[in-house]
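Below: a set of structures, written as structure tokens.
Here chain A shows up in two complexes: once beside chain B, once beside chain C.
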Partner chain A sequence: MIGFTAVDDVGRVVNPMIVAGQVHGGLAQGVGQAVLEGCVYDDDGQLLTGSYMDYTMPRADDLPNFDVATQSVMGASNPLEVKGVGEVGAIGSPPAVVNAILDALAPLGVENISMPATPNRVWQAIQASSVRQAAE
Partner chain B sequence: MYQFNYQKAGSQDDAVSALSSAEDGKFLAGGMTLIPTLKMRLAQPSNLVDLSGIDGLVGIEDGGDSITIGAMTRHVEVASSDVVGIKIPALQRLAGNIGDPQVRNRGTIGGSIANNDPAADYPAAVLALNATVITNKREIAADDFFDGMFATNLEEDELVTAIRFPVPEKAGYAKFPNPASRYALVGVMVAQTGGETRVSVTGAGQDGVFRAGEIESALSGSWSADAAKGVKMSDDDLNSDIHASAEYRAHLISVMASRAVDAAS
Partner chain C sequence: MPTISMTVNGKSVSAEVEARTLLVQYLRESLGLTGTHVGCDTSQCGACVVHVNGESLKSCTMLAAQAEGADVTTIEGLANGDELHPMQEAFRENHGLQCGFCTPGMVMSALDLVQKNADPSEREVREWLEGNLCRCTGYHNIVKSILAGAKALRG
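Take a look at the complex of A and B:
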């Protein structure tokens, strides 16, 4: 991942630093959901991702620098004209990341991949791709 | 954690006799593997014999055509050693990519190879560089040291004191880290020492670290990234887990081998 741009409408920005921080955190969660995080259970119901040795939390070195901005329309339902910023980063980021992966895989005819799109899953999708099989 | 007795050994003999007289004792090095195992109650040793007070187990010695690293030498010391950087840069880089800074500040080379985690990095270096494991009793050749997942040919009360690495003509290491733990999902070291080509694979084998004879032959014929990448590894006897299937690991072995050749110096 080389870059990430997010623009959100949060209503009136009261504290820009906190807004940017919230968006950063949300983006990290969204990227985590898209490519890293997943709970896995075995057939007996035993959790296999029971610690951070197996459950991949997004960390700083998994992420690019974020480019964040707001494009605000004042909120009409409250006197502060705010809308809220708590989870906005996490909403658009998973589909953005997955669409970027599918865009990269489009020449191979891959149209769908489930989250988290781990290296193993991306490789499997490439192996199973119709274009690749036709070429072999 | 269950209760245990803690003993801090003052010498090698002290450590060995403390372990021999304990009901079920364990040496304690950096504790990066042992302590979590105790915390999760996966082991219940009667005694922990701390090695950190013993003189002479820490340090990196330049022996000209070899480097000898004391068992209690921390990963960070290998990663920041000029001698290692000049003589075996691949080993320096390998140490610098183990886990995270906290782990590198505590974990030791002796603990790593005695533990023989099937995804640990150092076992790959010991095997590919044809190192010699030195213990309080004897010297053990790399090919005779590792004995399957989490197992070695060390005796119960045998203490690793140092590891001696011959200086190779060239060597390279490439690892595809497990995204969560940063251990090797697949790690490959390639090395040429005294005209001999050795290739070791960690992270992938059901029996832990192993030598990849197919890639050794390919690289003996032509030392090139393409030659390594051209080898199609079988997925028999490879690990399959939540992070990677055996097929994917087989694929990664050739790719990591080719990157290791590219990185070799």
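Take a look at the complex of A and C:
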């Protein structure tokens, strides 16, 4: 991943440093969900992703520096005019990453992919699409 | 039970421990140095990083007995009284932590990086941190803190 820009509406920004930190953390969680993290069970119900080696969280070298901005409409429901910001980056980042992947795969005829879009799933989607195109 | 002796944060310590005791268990449970955290116990998260003879090591991956005679530094050994170590201060200043669980390992790991490479690039910091997981920060401010800490240490 070479870059990531996020813009959020958090109402009144009380502490910009904390707001950016919450967005960063959420972005990393969303990117993880989009391409790395998933619980896998075998047919007997045994969890196969029970360690950090198998349940793949993003590491520092998987991520870029984030570009974070706010575009705020003041919150109307409370006197501080604040809105929630807790890990808010996690909301937009999975669809953004999956859309980027689908955009890259569009010329190959891939229209859909499930999260996490692991290298294996991307390869399978490309294979399935080329088989389908060959059959047409 | 074997008797082990080592230096921890400049103090000589000695104890009888079960042979299977991990270094991290000895530090936390016998010495009460709970700044060193256990996130996984299986060498994957880096929360337990300490320095053994000046090198960063995952203390859940080492038996206490293997540190016999060694010089061990934990996160508690960095500050000078009330004055934070420049790398700790950089984490505080740059919001390099949220829940703080990964932080002791990040700081100890970062200090080993800067003693090997006093002026690392952002990419070099990220690659160095591949053994340290953080669930909260997205790493952005950790990397920023380490770059700031490295700068402060260069003076």
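A few notes on this one:
FYI, the second predicted complex is superposed on the first by the 129 of 136 C-alpha atoms of A that agree within 3 Å, B and C clash if a C-alpha of one lies under 4 Å from a C-alpha of the other, contacts with A are read in each partner's own complex, and residues count from 1 in each chain.
Everything that follows uses one rule, which is that a residue touches a chain if its C-beta (ideal position, glycine included) is under 8 Å from a C-beta of that chain, and two chains touch if they have at least 3 such contacts.
The structure displayed is predicted, hence computed values, not measured ones.
Between chain B and chain C, C touches the greater number of residues of chain A. In the overlay built on the shared chain, the residue A:48 is in contact with chain B alone; chain C does not reach it. In the superposed model, A:124 makes contact with chain B only, not with chain C. In the superposed pair of complexes, A:56 makes contact with chain B only, with no contact to chain C.
In the superposition on chain A, contact is made by A:28 with chain C only, not with chain B.
By the touch criterion stated above, A:66 is placed in contact with chain C alone, chain B being left untouched.
Once the two complexes are overlaid on chain A, the chain A residues touched by chain B in the first and by chain C in the second are 52-53, 57. Those residues of chain A that touch chain C in the shared complex are 17-18, 20-21, 24-29, 51-53, 57-61, 63, 65-66, 89. Residues of chain B that touch chain A in their complex: 176, 179-181, 242-245, 247-248, 251. Within the complex formed with chain A, the chain C residues making contact are 39-40, 42, 44-45, 95, 98, 122-123, 125-127, 129-130, 132-143.
Note for the complex: chain A touches chain B at residues 36, 40, 48-49, 52-57, 62, 118-120, 123-124, 127.
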